[in-house]
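Following this line, the structures themselves.
Each of the next two complexes has chain A plus one more chain, namely chain B in the first and chain C in the second.
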Partner chain A sequence: MSDYAISTTALTKRYGAKQALNELTLSVPVGEIFGLLGHNGAGKTTIVNILTTLLEPSSGTAVVGGHDIGTAANQVRRTIGYLPENVQFYDNLTLGENLMFFARLSGVHQPGRRIGEVLGFLDFTGHESQRMGTFSKGMRQRAGIAQAILHEPSVLFLDEPTSGLDPQGVAKLREIIIDLNTELGMTIFMNTHLLAEVTKTCTSIGILSSGTLIYQDSVAATLASFPDQDSLEDIYLHIEAGQRP
Partner chain B sequence: MNLNRWTAVILHELLCTVRERLPQLLLAVFVGMIAASAFIGSSARTSVTGVYREVLSQGLTTAPNPFDAFSPLYYARNTVIYIVLIGALLAIVIGVHSTLRDRLAKTTDLILSREVRPASYLGAKLTGLAVFVLLLLAASAVINIGCVSVVVGHVLSFGDGARIAGFYELAWLFMLPFVALGMLAGLYASSATSALLIPIVVWSVMIFILPLLGTAAHPVSLLNPVASPPAAEAGFFSFTSGLVAPFSVGEQFKHVSALILSDPQAAGTMTGGLLTIAAFAVAGCLAVTMTRRERMRCEFHD
Partner chain C sequence: MTEVLVLARKELTDLRRNRFMVVLFVFLAIAVVLSVVVAAADFRLKIAGYNHYVDALTAAGSAATAPAPQLFPLQMLRGGIEYLEIIGSLFAVVLGYSIITKEKGRGTLQLIFSRPLGRYAFATGKILSLALLWTVTVTGLFLVITATLLLVGNAPLQGGDYLRLGLAAAHTIGYLIMWSLLAMALSSLTRRTGTGLILALVLWLIVVLIIPQIGDTMDPDNQIPGGLFASLQVDKSHEQAVMAHFTGYETTRDLIEQTSVTKHYERATFAYLGIKNDYNQKSLGFIWAGTFNNTLWLLAGLITSIGVARLAGTQKIILRKVP
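Our next item is the complex of A and B:
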């Protein structure tokens, strides 16, 4: 097994004349919480869609959890968990019914027992019989995490997981993400806009600008490399403006 | 997709449909239709028998009551047109709901990021809806047999019961392509509104426009449970009849139903009509399962 949970080589995606990803080469070591930063339209969701096998690249290769996304897509799907941005779920069904569907779809053995374990881990028990239509945004995100980890993936993809959450929701989700990484050993790849959260959650970052990866390093090394910048936000704006260390 | 996953999708489809209260609504509509059909038949029988007795008592006729010669299946005959008009529309609504549900809930990416092929997933959804419609029609058949038994005053013979059951099996086959049509609209439409509107336009063309082109029938006659005969003597219509008759699936359904329900006006064989309806069902199912991953992931424009 490679030391990298995710590695891409010259990954490119074109939509007609528009180049969404430009020969992206990226490696995320096993056990990292990797935050991908970038402005709207930079290509963050496109990368996640390709790495989760939802979208085919125009060229280039990617390996996730030791499996090639092009030649071993089903093995990749077994290895990953995914929470897209703004997932709604089936509002007429309860949390338990939604999770049961995704557990069976993932081929989980003893799905009832596993759902109980996951909800216990997420400190989310007692809501199984509640309809999803009554859930707050924060509860939906926790349900989203629950469905993503039902089949015990080794790599978890989160697309803007804290988008639209209140400060308490953000703090709770941060706690969950760190627990998933430290207690369950999952490698986490997340797209985010909230730079303050990246400092508190991620172990390494990458910055994407117009489909090109312009920076990648650990959070600690990044903060050390820009001693004159007050925050990661300033560093991000600095790098985006083309002023690398 | 293995059997467990296939079953999971079918059960999920049934659960979602039940939670949307569609079965209750559909069963109420079907029971209403069947009851209306039986009531109309019963009223006609009562009125005609009343007039007949009066005429008989006045010695104006010696002929038998015309209703005595009627088969009990006469009272199920109006249900044919309710299936064509209301059943098909309900099938479309079920189909549209099924695929719109995933797009509105934005769960498509969750599903496709698992070991699930689009064709298998959509096939399982279609199977779930086919099971749902079958259960609904089975309940309707039992209610229909009960209603007709009440109207004629005795339990139907096995043969008549089997014919009504056969008619509902045909109704299931007829409704299946409309379920598929609804699913396709839910997958391909760029907005939720057009997803519902487009298949209804297609349905109206298949049920009303094509038969008019092929038979020169009066529009109102298309509401008759017996298929309109082709206008053989008219050059244009005899030509168009050959072209559009196979696509007039509603008329084919009425023709085969009339034969199953022993309508004395019905003539010919069931083979052509059955093949046409089955071909539509197969084509609809294939079209749904051939939908590509990219199409399933498309977002609405509104």
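Our next item is the complex of A and C:
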């Protein structure tokens, strides 16, 4: 396997006349927590949908977990976990039944045992018999993480994972993301709006503007490159405005 | 194959806990059973009327023998079959529509399609769940109908009657699965889920109501209120004289009816249950010879709906509609 968990080459996506992604080339090394930043409509969700094989690119290639998304989609799917924005489940089913369904779909051996392990890891035991329709946003998000890591993926995609969470929920999720990276060795690719969270969680960032990747570097190097700026938010606004270190 | 079974099992559990669907099924079952109960009461009234008439004749010292009413127990199912034909198919459309719409609405499609599935696994899982659901539901319903015939209708059913009920149930299962799958395919194919439902309902309206109604209206035997000859106040003898001048009329009427799979379902089930007089008390071989084309058309509709639902339920088609 290469040193990169994710690499794309000239990835392009067009919806009719609209260019959602413009020859995007990026690489995320194994073991990183990569945060993709960008304004609404910049193409963040489009790239996640392409990398998770939910959407076909118009042109260009991408390799995820060592597998080409175009020619080996099912191998990519065995390698990745995915938490969509505002994750939803089958509300008539319990947490246990939902997770059993996704575990079986992912081909997990001994799914019952694995669900127990995952819920233990997420400090989320005791809710297995509860119907998902009764869950709060924070509980759903944790259930979303659980379904994403049931099959022990090496790359995890999180689309706006903190969206709609209260501060406690955000802190708990941050803790989980860091644990998934440090304890389980997962490479994490996340889209987010919360720049303060990126500073606390991510090891590297990319900035997407109108479908074009305009910046990519480690968080530490980024902060060092802009000594005049107080926060990552200021740096982001500077880069978005076309200014370089 | 495993993922197909996993998808089907989840779907069945989800549907079983869906109160709206449970209410629809209970309503359909009550309507069908009630129609049998009403038919049984009507049979009893006719028999009582006949007995009263015979008693009156006997009391008057008449030696004349009045012809007994021709009543056959399976004919009590006429109303029930018509309910399944119309209301059942409407429920089947709603079920087929909702099985895709709920996934689109919830956004669970992304969670499913980010798993390593075969191209047709998702659609096949849905098809299997609908097939199992209708098989179990219709089988259960026909068991209740049989019990109602025996207990409420006091019907003296024999071995052949059970086989006829089984054949009618099999046709019903195929017919309802077909409607669910057509609605499922349309929901998958259309960008807006509401459009899929509207198209399915338009198709249902044409096939279930409009075409059979045109056929019934043109039917010279039917003489239904609003029927062609009934409206023209032409009696049976004149009707035959008129028909002699229009040799292509019956062929045209038959061709119109043949375009409706609902009519094929009705013709086959009415024949097996002896509701259609031409097939009453006839052997199964005789009925098969007269109606096998109806069964084959129904089968063709079922196979087509499976094919279309399977092709329409792929990730590439379904996910392009998700915003």
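Note that in this section the second predicted complex is superposed on the first by the 245 of 245 C-alpha atoms of A that agree within 3 Å, B and C clash if a C-alpha of one lies under 4 Å from a C-alpha of the other, contacts with A are read in each partner's own complex, and residues count from 1 in each chain.
In this text, a contact is a pair of C-beta atoms (placed from the backbone, for glycine too) under 8 Å apart; a residue touches a chain by one contact, two chains touch by 3 or more.
The shown structure was predicted, so the numbers you read here are calculated from the model rather than taken from an experiment.
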Request  = Sticking to the clash and touch definitions up top, decide whether chain B and chain C on chain A clash or fit.
outcome  = clash
Ask   = Can A:226 be said to touch chain B (first), chain C (second), both, or neither?
value = neither
Touching partner for A:135 - first (chain B), second (chain C), both, neither = neither
Inquiry  = Tell me the contact category for A:34 with respect to chain B and chain C: first, second, both or neither.
reply    = neither
Query = Of the partners chain B and chain C, which touch A:4 in the superposed model: first, second, both, neither?
reply = neither
Key: Doubly contacted chain A residues - partners chain C and chain B   = 49, 52-54, 74, 77-78, 80, 82, 84, 86-93, 97, 101-102, 104-107, 147
Note = Given the complex, residues on chain B that touch chain A span 2, 4-5, 7-9, 12, 15-16, 19-20, 101, 104-107, 109-116, 293, 297
Of all residues in chain A, those that touch chain B in their complex = 49, 52-54, 74, 77-78, 80, 82, 84, 86-93, 97, 101-102, 104-107, 147, 151
Message = Applying the document's contact rule, which stretches of chain C touch chain A when the two form their complex?
response = 2-3, 6-7, 10, 13-14, 17-18, 106-108, 110-117, 315-316, 319
Key: Residues of chain A that touch chain C when the two form their complex   = 49, 52-56, 74-75, 77-78, 80, 82, 84, 86-93, 97, 101-102, 104-107, 147
